[in-house]
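In the part that follows, the structures are each spelled out as structure tokens.
Look at the two complexes coming up: subunit A is in both, with subunit B in one and subunit C in the other.
Showing the complex of A and B:
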């Protein structure tokens, strides 16, 4: 057996001897396992519920009776953001961003919570998820287990006889690192279990493996930090104080400071303010319910000229349907432009936040973790874009039915003539134009690329700490 | 033949202050050499320099002729070191402590060899399977001495080896040291104990404020004169 392995075994023996450390190991292990099980059950149940709700919404739309197509434009449709498989490990924005979006004509609504219980995780006492436990709690366990690794030997006077047996400082550090690293690996077992579960639910194995590797790197980083400060500082109280300070600064304070800085540095108007700012533009685009709106004069002239007729009543298409189509197109362009502006602001905030990843490995890990899981801001934006594409597609499909399946004369008389009203009800089979919606995670390569910058920050931290430890250990003296 | 240990104009600086100032001495093979001195005289610093834990600011330290700074691993292979206060692991018993340290030194010793070493230091058999946290200081010291014996190195560095031992155990320890020296092993011990040093040492160096200020040597058939050493020690310390 090598000296490093002997030292690692001796370290484990010391932990076994210390009831406090044994209890800490057991409590953290049970806590992680419990969080993993609860999170898996909660996210799986959410996924099943939202998939069922999506089906129910589609069925409700397509089984509507014969009616005027514009009534279906306002009847609207729901889409649900089903959590990706790795959300069992890192639900990311799932709990704080809406999961359901109501799609209807002339509007882009904000996402809402699919069900009341879905919002339970938003509060300060929400259910902790495994990623958060790994980011915040497991480093504390590593600090508890490893802070005295060198200081204990120094204080007990055993460092000198250890080194005097011919053990090199590097071997001593390697032994301590193996002991602490093994504890970190043992703590990763629930994460590995969740990764396997995610793969069973369709996650790409490479991404699941990368997620586990990311957390192995993060915990490895804490192992190095614990040993580095342990080698540098003389007393265990100093080491413990310095490590807790480092944890507080990098895991708690910096991420919150970074978020505050991002919000202050990139002011974002928000959905409601953006909607109010849009009002004038929308007024100029014309009211699609009013064919006499001057905003559609050019459309009228163009259609009359195109078909060589004098009156809209003589057009081979329903002018009202054409107005609804063009109005939706103009309005959607304005709404999309505003939405892209808002998303750009959110991305800019996110980029500001990500810059702090170089200062906080916890932040770097969180960003990379959400990106790999597909539960980050990019996923939310993709959901909004995909939902909007579906909204525009079915609203315009209905507007086309309005323009081509209904006579203009019936359309303008339907509020006063019951027969005309009956004739403007189109066959319910038209509602099948609604495309089925499923929100899938982004491609593995895209998620990997999204995680790469934060992953690079983490790797830089690992490298810096490894070099620092090597430097400190080379100078380790009794 | 090269001396087992040799310090040549050795100067060590610790925390910006000189801990040793131009100290020169040598320990011959088979010799028991004691360094006497008060607190802060530089006794333990000297031992740490021979182990390569402290680099000389000036001068050199050599083990069996090899420069320690150039090859500290060689020095540590040739030396068994008994630190002050017999630093061992309280949560392990005597067998586990000895097994662990010997393993780290790349040695294997069976239960029989360990028992033989513990017999030589007179550690009661019933105590050997008890954790060291329940040991008295003297018992821990015996385990540490047993480790030094089991290493079977040609050189022993002992830091206050009789501290905590009762008079009977001190006598036994001194006999053991003479026996080891008789078998050709070289011993450098640092101590406050003038009487003990005179009982066992072939030569004594007197350290004060990091400088070697007195030397005494036993003559054939006679030990070093305790009164003379004591007088020099007290005079130096109160000067």
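Showing the complex of A and C:
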């Protein structure tokens, strides 16, 4: 162990004498710190802003004046997707997914106003966030620092004497790994800081720790890869070229290639096509605005029989409200079916992506990272489902008010008789049926499970590289 | 000539260089193929939608008995088909909507509806030609061109070679020129094939090729500058080159985006929707005359027909929809102007970062940039306005319903791409 530490110290001494490496260390350190601070500030202000918008939307709803309950069904409500605590580290889909979702009767809208379409759109990476910096950029620093670890000794003729002095190849590799690993750990400090910040904002400590561990594993993987190629290839220029190509292929090219492949392999039909198909089905489900629609004949017969009356006017409930309730229920079943189909399609695309995780540790890390942070596709679907549950709940609540708090006779006259119209306006206290909404990330265990497959790919890479390094070091020749 | 042949022979023996050129050719070919597949899928999707939309509109028209219901229930498909060069730079078509179905209700409640792609795919970005040319190609150029002189010096051939070639610059020009020319060919060949398959205008394809080549020359000059004294070790130059890529392809574009976005803040999107919703819904609680007064103030041509007698009339309904749009108009316009201003600032500053500049130029040529997205949005707004113009005389003058006239409704024309 002391021999390994001596070698590590010598490696650090070599870095200290290289202006280029010192500059690289300083630039990366500053860059990571700056990205971490900017990202934390941005996400925190976003979280505060969206929470305030959510409150304002709830207040706007509950303070509406007396009116016909169906007007409130169309007045609708907004929910906002607030970013989870770990979004300060990995905002994931936040920039490309809609933030505000309008909830109203008879429709399921999509979340609107994503940042990306209105962003300035400069460069291929947008405004980098900490997770992207770790996935894409920090490996470059490790390559710069470590590519010469063995080749430098070889080219300077110091490798042979070292081995002759009785330093075992394993000790030599361990020393180099300690030196490079320490640099990786130092670079992880901003990530650890953000993880602590996330815990302070309510993230489960175990998940935050797992997130840091994930990136430690990813950087460890690059440490191993740098040393492996360094031990295998004779000249430092060859090592550097090979490492850069490996980085280019796995970190830069494969994730995008996977994205292009995913959409080509599972073409999405799009929301408009689904909407049109729905409208067709809808004509058979019945229009809830029109109680004379033949689709509601069965309901009419059943209600009349149940209450032993001849005409809908004599029912103790407002037939129109009952129709609205049943229609919303039938329609929602159709809408949910379509939404589930679309979500299944999106999950299939993500599954295609995930297959590439075995070829690209960068992609694997990104997938696991978004899953842990709660900023992945599953989180978006969770938001859509929770928003839909809220929509159905308040719309049906209002439809119940429609069925029980106003008379059918007034209801059918309200378009022509102003007095009847006035009587159909119910008391505004009914609007308090709206439940408060806060979007929370999934339970820690669920997020951990979502991250496990990609995490396994990463672990497999780590193991393979460790074995490869052991093999290469055992054969290390001057 | 013999010098060129010698360089060609040297290059033919350089397996690493040949491998890099093959990587460039492969990357460009894959990017073009995937771009072609994507735009074809978009066109097929639009065509299928147009069909479904027409059938749906006919089915709806058959059920209507008055102008108001026809306007209320009929959706109209709008879409911007990809241009003949869109395959090379998918740009904003990935994030922003390029198809909408609108009806005569308040437009602000409809036009912000996204038809967004899968978010996890969007986060990663596509492997399109613009990415290959702007982001990947500089790295390949650096790998191919770094330390040409220093490498010779290390091999002890430098002085001899310079002596036979008479000048170091000439030698470098020959050697680097050959490599960069082959890299350009590897990158441009797939683009040429893609352009021919798509029928891209020759001028567009040529400008794109010139831009890609100029961008490569920039990186070649950078490599020459790093290699200026022929003494810096090649591996050091390689690291410096990658550092320059990091600065110009990642850090500088991010800084430019941050500047553009900070200088032109946008009104909150949700505020637009809320303003529109409040105005539209308030109309149900206001005296009808108040709404009609607000409407007539902006549209005096309907003053003589603005009286509402029954609790519900379609002309009142559509008037308050338009009043709702007008309530949200200042915010909505500020949002559009902000986006346009961001694009302008970014375009000006992008020249500080050649990869960003190339990407933007390719997207502009492809009609997939913010300007094109705004042009499409404007076309949708104009179309919606023309629908109002078509229905208003029939609604306000209470013209008798004639279902066969519905076929004469305006149709959407996409903006010229």
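In the analysis below, the second predicted complex is superposed on the first by the 465 of 478 C-alpha atoms of A that agree within 3 Å, B and C clash if a C-alpha of one lies under 4 Å from a C-alpha of the other, contacts with A are read in each partner's own complex, and residues count from 1 in each chain.
Note that in this section a residue touches a chain if its C-beta (ideal position, glycine included) is under 8 Å from a C-beta of that chain, and two chains touch if they have at least 3 such contacts.
Keep in mind the model is a prediction, meaning the values are calculated, not measured.
With both complexes brought onto subunit A, simultaneous placement of subunit B and subunit C is permitted, the two fitting side by side without a clash. Looking at the shared chain after the overlay, A:99 reaches subunit C, while subunit B stays out of its contact range. Once chain A of one complex is fitted onto chain A of the other, the partner contacts of A:31 are limited to subunit C, with no touch recorded for subunit B.
Once the two complexes are overlaid on the shared chain, A:477 sits against subunit B while remaining clear of subunit C. An angle of 90 degrees, to the nearest 10, separates subunit B from subunit C at the C-alpha centre of subunit A in the overlay. When subunit A is checked against subunit B and against subunit C, the one touching more of its residues turns out to be C.
By the touch criterion stated above, A:156 is placed in contact with subunit B alone, subunit C being left untouched. In the superposition on chain A, A:280 makes contact with subunit C only, not with subunit B. With both structures placed on the common chain, the touch criterion links A:369 to neither subunit B nor subunit C. When both complexes are overlaid on chain A, the residue A:3 reaches subunit B alone and has no touch with subunit C.
Of all Cα pairs linking subunit B with subunit C in the superposition, the shortest spans 15 Å.
Listing the residues of subunit A that touch subunit C in their complex gives 20, 24, 27, 31, 49, 53, 57, 60, 64-65, 67-68, 71, 74-76, 78, 80, 92-93, 95-100, 102, 109-114, 116-128, 136-137, 140, 144, 147-148, 236-237, 240-241, 244-245, 248, 252-253, 255-264, 267-273, 275-277, 279-280, 283, 346, 349-350, 353, 363, 366, 370, 376-377, 380, 414-418, 421. By the touch rule above, subunit A contacts subunit B in their complex via residues 1, 3, 6-7, 10, 13-14, 17-18, 156-158, 160-168, 477-478. For subunit B in complex with subunit A, the residues that touch the partner chain are 48, 51, 53-54, 73, 76-77, 79-81, 83-85, 87-92, 100-106, 144, 147. Those residues of subunit C lying in contact with subunit A across their complex are 16, 23, 27, 30, 34, 37-38, 41, 45, 48-49, 52-53, 56, 59, 75, 77, 91-92, 95-97, 99-101, 109, 112-128, 131, 134-136, 139, 143, 147, 151, 233-236, 238-240, 242-243, 246, 249-254, 256-258, 260-261, 266, 268-270, 273-274, 277-278, 281, 284-285, 310-312, 335, 338-339, 342-343, 345-346, 349-350, 353, 355-356, 359-360, 369-370, 373.
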